[in-house]
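When the chains are written out, they are named A, B, C and D in that same order, and each has its own residue count from 1.
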Amino acid sequence: MNSDPPHSDETEPPVDADSFKERLWRLIFLSDTPAARGFDVVLLWLIGFSIVVVMLESVESIQLKHGTTLTLIEWILTAIFTTEYALRIWTCRKKLRYMCSFFGIVDLVSILPTFLEVFLIGSGHFIVIRVLRLLRMFRILKMATHMGSAYVLVNALQASRSKISVFLFGVLSIVCIESTLMYIIENGQEGSGFTSIPQAIYWGIVTITTVGYGDITPVTVLGKVLASIMMLTGFAIIAVPTGIVSAELSREMQAIRPDNRNCPNCGQHGHDPAALYCKMCGQKM
Amino acid sequence: MNSDPPHSDETEPPVDADSFKERLWRLIFLSDTPAARGFDVVLLWLIGFSIVVVMLESVESIQLKHGTTLTLIEWILTAIFTTEYALRIWTCRKKLRYMCSFFGIVDLVSILPTFLEVFLIGSGHFIVIRVLRLLRMFRILKMATHMGSAYVLVNALQASRSKISVFLFGVLSIVCIESTLMYIIENGQEGSGFTSIPQAIYWGIVTITTVGYGDITPVTVLGKVLASIMMLTGFAIIAVPTGIVSAELSREMQAIRPDNRNCPNCGQHGHDPAALYCKMCGQKM
Amino acid sequence: MNSDPPHSDETEPPVDADSFKERLWRLIFLSDTPAARGFDVVLLWLIGFSIVVVMLESVESIQLKHGTTLTLIEWILTAIFTTEYALRIWTCRKKLRYMCSFFGIVDLVSILPTFLEVFLIGSGHFIVIRVLRLLRMFRILKMATHMGSAYVLVNALQASRSKISVFLFGVLSIVCIESTLMYIIENGQEGSGFTSIPQAIYWGIVTITTVGYGDITPVTVLGKVLASIMMLTGFAIIAVPTGIVSAELSREMQAIRPDNRNCPNCGQHGHDPAALYCKMCGQKM
Amino acid sequence: MNSDPPHSDETEPPVDADSFKERLWRLIFLSDTPAARGFDVVLLWLIGFSIVVVMLESVESIQLKHGTTLTLIEWILTAIFTTEYALRIWTCRKKLRYMCSFFGIVDLVSILPTFLEVFLIGSGHFIVIRVLRLLRMFRILKMATHMGSAYVLVNALQASRSKISVFLFGVLSIVCIESTLMYIIENGQEGSGFTSIPQAIYWGIVTITTVGYGDITPVTVLGKVLASIMMLTGFAIIAVPTGIVSAELSREMQAIRPDNRNCPNCGQHGHDPAALYCKMCGQKM
């Protein structure tokens, strides 16, 4: 998301600087003035509020009681987000690029369903629209772009990405083979949930990740022995991704802290970044 | 809790030193004499005992059998805690500040319900009082202030607070989006527990934290596939907070081992144990 | 798998170099030309595809609908894998060694069941054959040999193998003793799943690994207390394998960064990157 | 267990060295000759075998089929262990100390039940005896004394003991308070398992350790919200013990590796413990 080309393009101001359009663009797309930051905060609260509304609409009892209120709120929020979308297109220079960018599509998708409902009502597409409305949830990702201190985390995750991929592939291989064995052992037993290999793999993932729903459990003695081995494997294996991220984070944190200065007098290194004098010979640095 | 202003105020002795009131204040609020430490220990055991009594009272079979005994014990404990509360107010100089402090309110709340029961009996408020009585459980936090070796832990947690917040926000975003997708897939299926988005989010949290109650489980094939992806995500993600705390703790422990020397010239601390000169002013140490 | 003698033997080319047989051998067994790498990639996709087919065949509804299509695909895949197996034997110099190696047997086992089905049909061995067909799943391991960046992981796991064994033995001892106590407490209670000690140990493993199916749960008060203690033990214990792997990985990563220099005099490796002289013979490096 | 005084006393040989008794004592209590090591290995296998027999006896179907065989095996094992116990007492100098030591009592308890069964049969104490027989399981701990490479693990656990205690106390406090709130919210609801505070605490421990049986689950909306918060707390908290052990293990491993030698020529430190020459100046060490 950091180097998303459409976004970096948006940071170029429109040609006629200092105009109303330019100030609007600065307000909407940047966060370098108090007003722009205020605009961002208000927008984030509105997004959070709209997500809560979408959630509440899915609860039948609330829908029955407060359905009209929720519809009203939805129309108001849709009006606000439509205005925001229109302003974004108007002020932005590379309009098509914004409209085709990930957040451009999310912005469009989050206002569309309310309008579609009016045109398509009674035509039987009601469920499809309700589903579309839920895509609004993706706006939550917009909030993520406003978290400053996430760099160390993201860096550590990116650095350990290839190792975690290898790890996940290894886990899936183990799950596939052990689940197939479980299917051979358990299939055909009365009350067994191991009706097919995909089902057994679903059980295997539920088990090795230690989620353990209990909707499918082994019923034979041999199945229980194999399941026990699998759980202990998972128990030992769960250490691996943790170890990877932990080691990466330690390195990441150490890489941020110390400086590379050597003492000009005695050559001692490993100084505190804030140190003014060499800790071994007292030479000013 | 460490720098709670009301508490630091209480450490100021009353004006007439060496009087009975001053000695009582020292006994109750401080822990610097054997007698004061003994007072603390006795109080902690009484608190622990009173919590056990509250718990046992909630078990119906015990309440029926030993109800009168428990009521008697409760009255005795209430009498002791009332005396303690009265003495705290009497000896403390800034009485209002203590009464409005967190532990002042906890102390009051833990004695009030027993008295209220007498006045309000038969008036239908019985359940409310029973609930109030449970607030006594918060006294358990008083015990926490007596654990000396918790500093490294608390420091590591505080240092990684912002990173853990970002992490939790990220997890909640993933849960929201994946749960909404699960709701779209599973809703309407027979025997499905995904009746609303909040319900689906509850399922999502149960799954991604690997708790896995099994009260709500996917029933469709697509739902199981998505749930499997979510579990593996959670499996890889669980490594992140561990890595954060682990890396912070490693740093914290290394930071403690170093010496406690302060520079005799500028008072700077946090020197390398092998340092010969102050890193900030060059003074020989 | 790294030092599997049959495989290292296969890397010796047949006597008459540059012949068609030699080029075929190079294509099949090595990965040093673009063509050979392409061959590997195609084979991996075919293996993945055949595994998906095996999985789908186990789903009854799919078997009923698309049974003939799946059988056709299976015959095509079997033909391809048979050709591959024949070419491997023809081009390989030490034929017997390849055929007795792990992957040689896996290759044979994955083509055999389809042929067996023709000869043994109607003879009641049908289920045995279906089971044999599933052994094809082991081909997934062939994919693992193509993951380059798995070395750090595998090294860290191997380095911590003895510690993880000790840890697993300790966990099993705790589980055995606690499960026996649970059996003593819970056995004979109505609705209790603790019908025997092995059953109790199965419960113990499900609990201490935090999988928690819920198919067997304590019903007595004492049993719940003991189970709670066991869970908290497991909660504290889960830290141990993570700590081991994490510490090993940290060391492994630091150990990789250092240099690959060997002493020109004695061949000693594993030097400090800053070392100027060999630590074993004093030779200048 | 390492510095158990009775055991260290046993290492003193009886007065008349080189006699049969002295050689027997050396065979049984020490492990410094091939014969003594062989004795240990045979004993460990017999203990493992006797534990399996105890387990199988608890399975009703096996008890019905092979009951007499198991009784026979049990008598043979009891005879062997009785002989071992008698020899231990005979050869050991400080007999009373051995008999009162932990393993002395375990040894006695593991042979007693078989004899008691003969004397007390038909007197209704049958169940008590069966329970006593299970105490034999504690012999598994004897195996633990033969694991050499467990030192780093045990040291790391001991070093982090106080921190893990503080952590467990903190977790229990949170569980107590949150469980009480859950009891207030959920109690009285139809189908709710939160019938008392101890029950709620059991649920709390099942949840925060991510075991999640699902035998007790929240049914109200507020209860589900609070449970979600608790799970996320547990998810973030699970990192703490891991971080502690991980940091301790890292330190433990680093503490074992390097030596404290300084080069006699240039004073350089941080050498490989196996180094023969200084890595910076080539000086023989």
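To be clear about the criterion, contacts are C-beta pairs under 8 Å (C-beta built on N, C-alpha and C of every residue); 3 or more make two chains touch, one makes a residue touch a chain.
The structure displayed is predicted, hence computed values, not measured ones.
Where subunit A touches subunit C, under half of the residue numbers in use are shared by the two copies, so each contributes mostly different positions.
Of the pairs listed in A-D, B-C or C-D, the one whose interface repeats that of B-D, with over half of its contact pairs matching by residue number, is C-D.
The mean-CA centres of subunit A and subunit B are about 30 angstrom from one another, to the nearest whole unit.
Remark: subunit B and subunit C have CA centroids separated by 44 Å (rounded to whole angstrom). The distance from the centre of subunit A to the centre of subunit C, with each centre set as the mean of the Cα atoms, comes to 31 Å. If you average the Cα atoms of subunit A and of subunit D, the two centres end up 42 Å apart. In subunit A, the positions touching at least two other chains are 167, 198-199, 201, 210-214, 238, 242-244, 246-247, 250. Listing the residues of subunit B that touch subunit D in their complex gives 51, 54-56, 58-60, 131, 134, 137-138, 140-141, 143-144, 147, 149-150, 152-153, 156-157, 164, 167-168, 171, 198-199, 201-202, 205-206, 208-215, 238, 241-250, 253. Interface residues of subunit B facing subunit C in the complex, by the touch rule stated above, are 210-214, 242, 246.
Touching subunit A in their complex are the following residues of subunit B: 162-163, 166-167, 169-170, 173, 176-177, 180, 183-184, 187, 195-199, 201, 207, 210-214, 217, 221, 224, 227-228, 231-232, 234-236, 238-240, 242-244, 246-247, 250-251, 270-272, 274-284.
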